[in-house]
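A, B, C and D label the chains in the order they appear, each numbered from 1.
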Amino acid sequence: MAHMPVAKEFEHTRQFTESLCSPLSIEDYQPQLVDYASPPKWHLAHTTWFFEEMILKKFAAGYSEYDPEFGYLFNSYYNQVGERIARSARGDITKPDVDEVYLYRKHVDKHMNDVLENAPTEEVIQLAILGINHEQQHQELLLTDLKYTLGHNPLFPVYDKSVNLVNDLNSEQGLLNIDEGLYDIGYDGTGFHFDNECERHKVYLNAYSLEKNLVTNGDYIEFIEDNGYNKFEHWLDDGWHWMQQNNIQSPLYWHKVDGQWHHYTFSGLIPVATDAILAHVSYYEAFAFASWKGKRLPTEFEWEVASDQLPWGKRWEWTNSAYLPYPGFKISKGAVGEYNGKFMINQMVLRGASTATAKGQSRKSYRNFFHPHLQWQYSGIRLAQ
Amino acid sequence: MAHMPVAKEFEHTRQFTESLCSPLSIEDYQPQLVDYASPPKWHLAHTTWFFEEMILKKFAAGYSEYDPEFGYLFNSYYNQVGERIARSARGDITKPDVDEVYLYRKHVDKHMNDVLENAPTEEVIQLAILGINHEQQHQELLLTDLKYTLGHNPLFPVYDKSVNLVNDLNSEQGLLNIDEGLYDIGYDGTGFHFDNECERHKVYLNAYSLEKNLVTNGDYIEFIEDNGYNKFEHWLDDGWHWMQQNNIQSPLYWHKVDGQWHHYTFSGLIPVATDAILAHVSYYEAFAFASWKGKRLPTEFEWEVASDQLPWGKRWEWTNSAYLPYPGFKISKGAVGEYNGKFMINQMVLRGASTATAKGQSRKSYRNFFHPHLQWQYSGIRLAQ
Amino acid sequence: MAHMPVAKEFEHTRQFTESLCSPLSIEDYQPQLVDYASPPKWHLAHTTWFFEEMILKKFAAGYSEYDPEFGYLFNSYYNQVGERIARSARGDITKPDVDEVYLYRKHVDKHMNDVLENAPTEEVIQLAILGINHEQQHQELLLTDLKYTLGHNPLFPVYDKSVNLVNDLNSEQGLLNIDEGLYDIGYDGTGFHFDNECERHKVYLNAYSLEKNLVTNGDYIEFIEDNGYNKFEHWLDDGWHWMQQNNIQSPLYWHKVDGQWHHYTFSGLIPVATDAILAHVSYYEAFAFASWKGKRLPTEFEWEVASDQLPWGKRWEWTNSAYLPYPGFKISKGAVGEYNGKFMINQMVLRGASTATAKGQSRKSYRNFFHPHLQWQYSGIRLAQ
Amino acid sequence: MAHMPVAKEFEHTRQFTESLCSPLSIEDYQPQLVDYASPPKWHLAHTTWFFEEMILKKFAAGYSEYDPEFGYLFNSYYNQVGERIARSARGDITKPDVDEVYLYRKHVDKHMNDVLENAPTEEVIQLAILGINHEQQHQELLLTDLKYTLGHNPLFPVYDKSVNLVNDLNSEQGLLNIDEGLYDIGYDGTGFHFDNECERHKVYLNAYSLEKNLVTNGDYIEFIEDNGYNKFEHWLDDGWHWMQQNNIQSPLYWHKVDGQWHHYTFSGLIPVATDAILAHVSYYEAFAFASWKGKRLPTEFEWEVASDQLPWGKRWEWTNSAYLPYPGFKISKGAVGEYNGKFMINQMVLRGASTATAKGQSRKSYRNFFHPHLQWQYSGIRLAQ
């Protein structure tokens, strides 16, 4: 039956989220160090609340809410569905505890299973698929947010020795040349995709070339050693002030120990491998590095057009495109419409995927976006010219 | 001779700047209320410093600097030419006083005149034209910054009774329809223009229409009265937080007095004319208004393509385009290269011109740009769909 | 033997701290909502570190530190013994986890027991007594800090239903009159006391009278209902600004529900009992209330002289004395000297004790002290005239 | 006639204030760099408003206010008499201009003269005396606030070459010893004094000694060179954080030029004279210096008792006393009652007087007070033990 894959996908996604938490102690579920990095407990509960709010409360006959207060506690930014606690206060909430959040997940999973196994309508199926994709996005955030917490502990604790998300190497080198012309951009298919990937539309591009390889740690160390952080001629004005006010002199998680660069990873603090692909730089650093190299970052359109001929997926790649709507973009009615459109300001687009990205979130039309000063994603650099 | 118009243009521009200050008391030259609005004294000195630094010190044989400390005091953001005082401290500096700044202007004017009257090289002519355009931009800023100071005085003092920069009316109504197609964008001519208007390049546009009229005060009052400031579904997320944290409930300078909207103008506090064109809204407000109307803001490309068929020039118009480089954009070497490129982040493009804009700064390819929360320019709204 | 009581007192104190944590889930041990309220896990570890640092590392032959990093993590403010993490980052540290902190306590307890049972020197005994008193102070803070966390959870979770620290009633009413004269102030005895209670010295007092009863919730509700929070003539200038900037309109933990004042307690959110003694007001509020009553707060000297004739111990009482050294006060050499003296600025003295105060911390010469805006202790009001 | 001296004193005081401004350019009257240092224009207007508000509006028959808006603009902190502009916005107000403020002064002077020459009541005389003393206090602030503005100008402009307020030398050396005993403290006479100098009351003091000399620049340079700013054992905890967060490494206005300490004075930037008396240190620095010397600061009572036998008046001297009410202190009814009492928190007492102090403000019972981090007064150090 048509809906069976959704039920399976639902189950798989829900289990995978929990498996990411298996190495954690209860304490690790709790803290929030900065407003943009939420606690694991919150991610577990918020993704659950999404299914309860968007599906169960509306489409599951006789469903009774697990706890009416949870909407207030675990809503992220959906103004349509009422008040919520301050985004920066998520780490303050010790009750419900972790055990209860897992009970909440079980409760919602059971009811979602009933819904998905009993001839759901197409609307419900589409909402379930949205919820699954939403949870996959939070899987990535759960990992990057957790890394932020563990990486700021002076003990540099190990998350899982067997997990090594950092030593990706480039598989290809050289330039890919693309001709001038009119190209089609945006999602082109029949599967799930976000509203911000539409409408498909034409973009005219001048001829350009992209490097097949991503910038490595070694490349970036050259920039540092050439005093790149203090050469204002390569920096955007806002980036220059951000860098000075926050005393940034390296990618996030990098520490110089006895003259050698180390970085915090999920396996602990280890030496930086110079041939591995760089991560954890802000857009400002990416821009400055590209300028220092005499090159530039690609636009998201240049990236998408070239993507079929490029190895990608190791790191999110900063582009030189602002996150703005495509022609014909429409915001959906109601709470699901708050998903993407209202963030279309002050953010830059990333393309590709990182090693923390769920499989379902990796396609060439996918648009990630962050404020240009943020370093905590596995964000890296590809050069264009 | 080819350079004569430059000498004349120089003289005219310099005099016009000073004429803008003729209604001021000495006190008005001094304060800086926010970091983005500089004192008149600083504008007078900074535009002068630009000619001294970029031309006289390099090209005027035997020129001796008026005062070596002035570079430190009146440099705005040119890192290439050394340290400078904090941008927010410009109002703190009482010496040199206004009289001395006028002497500084006289000194530089005299030497510039010598240079421009004595067979200047093409390089010098081009730098002089750049300096003239730079000073024209500061004429506009001088007025808008001054308005900020006077408009925040609880006495609402008059700048000049004869100056009325607010009651512009729309001269046309209705929709202008533009066909889908490939269009050329960017400066196309042989006159002066800024580097950010180049290179001329092709952009593909879907069919669209623009309103010939700009949004009026009366239109915006409807938005206010319909509780538009509190309907989150029309706001960008960053805009929603800006509005709430700063308690914004109207355009800048608007005050409700005895139930009627008034606004501060250079003629004092007067009732808002409902048929006049709206000004002093942020991008966030422009976006929310457009959403509330079921429309959208145009991109800068849509605007430029349509501009020959539109009345414009009353208000700067917010577009839905981020300020980013055109394909092939190159930053010039040295200090003049710091003019535009390093601001290409976190800002939105405005097109058109306002009543405070110098004539030389008004052309269809001209790109102004500000952070999306700023209201102090004469920024208004044109709707697209 | 002379040292036996110390060993017993040590054991009892250590166990009592842990018993205070018995109602907690692991999550409750973790967060820190404000810099002045530390997590239970930190209190457990810090008090342990104190014994390790001040006694075991110096006096226990062959003692090997449990973990050299713990000094960095659990030092509070002893600059003498090296760097420490930012005070506001205590809630960020998820490792060591709670289990390990209890192992750390066991390790130190065992070694301390060895030391205390084997003919300790007088110096060691005195340091052990200091450490015991230090831990007793942290027992009180552990409770008040925990209340801050639970009391800011919108679910108002119960700590322990059987614990009710709020319904203390006044046992006496009326005025106590004290004659003008020269009085002795400061610790007078041979038991343990802090350096800030010495030297004993003479103070001349005018005749005065104190109320035997403390201000009740009902008294304070009258102040609120008489608009006392908005009558600037009763407020100190700094207090007025604090109150307005933080939008304070009631004691901490008070909420008006359906027209009735409730407050968060360790038993949950319950109605305020009007005849119970008031707690959780700042010095600023205490001052304003006293002024509104046409009275004043007593000085710490007036309080101490009268204390033998007063019922006290229900609430810490704000005095109108700044926390400053007594004549002849000497700071001890080394880290133990950082205990009290360096805080003698910007704080006001509280006298008495609260229901959260350990028995050993309750004596008439005891001086507690906090910044005047803080509400999170069980701080109340006694009136003088 | 009894009131004649008041009229003369009024005239003299008003003229002296204006004479202090005679070296100023109009620009110097305008800016406010920090909220605690007001512009000269504001001081000129505020002291005038005080006479208008407290005397003319109530006691001058038929007096018509110069401008009703001035109360709003030039009230400092008298909540009783209505709203006022934010304290930090005084430098933003360019209208009324300086000329008009002088007209305002003339207007009020004329009417005050009429009142004082025509058999004023005792109440009016007392209010006039208060106003005169109030203006004398502002004369001192006008100078110290002006120094703050000129001293932060990178040109270090001269106020008046003939004014040298910094090279005071000690006239005596050695210790003054005072016996233990009961002493009377507070104003004792029939002349003008502030409410905070009363009531006269008894204080018991242990035996103590004071240095007859004040600490010199040379003494303080030894502290700096001994790394005193980085020896936490001498610092109060709040002082340590203030010093680190604000990167304080010397008294205010000190700059090291080519290896030698210079300081900004009203005569410009000059080398520090090592034998001259130190000024412009905060309480925190005074405390740390005293601790480093193995001594302490005196209490305000120790200071007052010894004052007849000490040379003083060169610098305000920080005491180790918090600014709190004397026994029996009463706040006056109405706006004049807001003068002193409401500031009795978070401030430390200074005794003596500085070279910027008006003659009338110099008596042994006079209590000045500032927050402990402030350096902009001529505050110095006397050691006790």
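The criterion applied here is as follows: contacts are C-beta pairs under 8 Å (C-beta built on N, C-alpha and C of every residue); 3 or more make two chains touch, one makes a residue touch a chain.
If you're wondering where the values come from, they're calculated on a predicted model, not measured in any experiment.
Trainee: Identify the chains in contact with subunit A as well as subunit C, in label order.
Mentor: A chain counts here if it touches both subunit A and subunit C, and no chain qualifies.
Trainee: Taking mean CA positions as centres, which chain lies farthest from subunit D?
Mentor: A
Trainee: Please report how many Å separate the Cα centroid of subunit A from that of subunit B, as a whole number.
Mentor: 37
Trainee: Counting in whole Å, what is the centre-to-centre distance of subunit B and subunit C, each centre being its mean C-alpha position?
Mentor: Inter-chain centre distance comes to 57 Å.
Trainee: Measuring from the mean C-alpha position of subunit B to the mean C-alpha position of subunit D, what distance in angstrom results?
Mentor: Here subunit B and subunit D have centroids separated by 44 Å.
Trainee: What's the complete list of touching chain pairs for this entry?
Mentor: A-B, A-C, B-D, C-D
Trainee: Can you name the residues of subunit B that touch subunit A in the complex?
Mentor: 77, 79-80, 182, 201-206, 232-233, 235-240, 283-284, 287, 320-322, 324-325, 327-328, 337-338, 342-346, 348, 372
Trainee: Touching subunit D in the complex: which residues of subunit B?
Mentor: Against subunit D, subunit B makes touches at 25-31, 33, 41, 69, 72-73, 85, 89, 91-98, 149-150, 152-155, 157.
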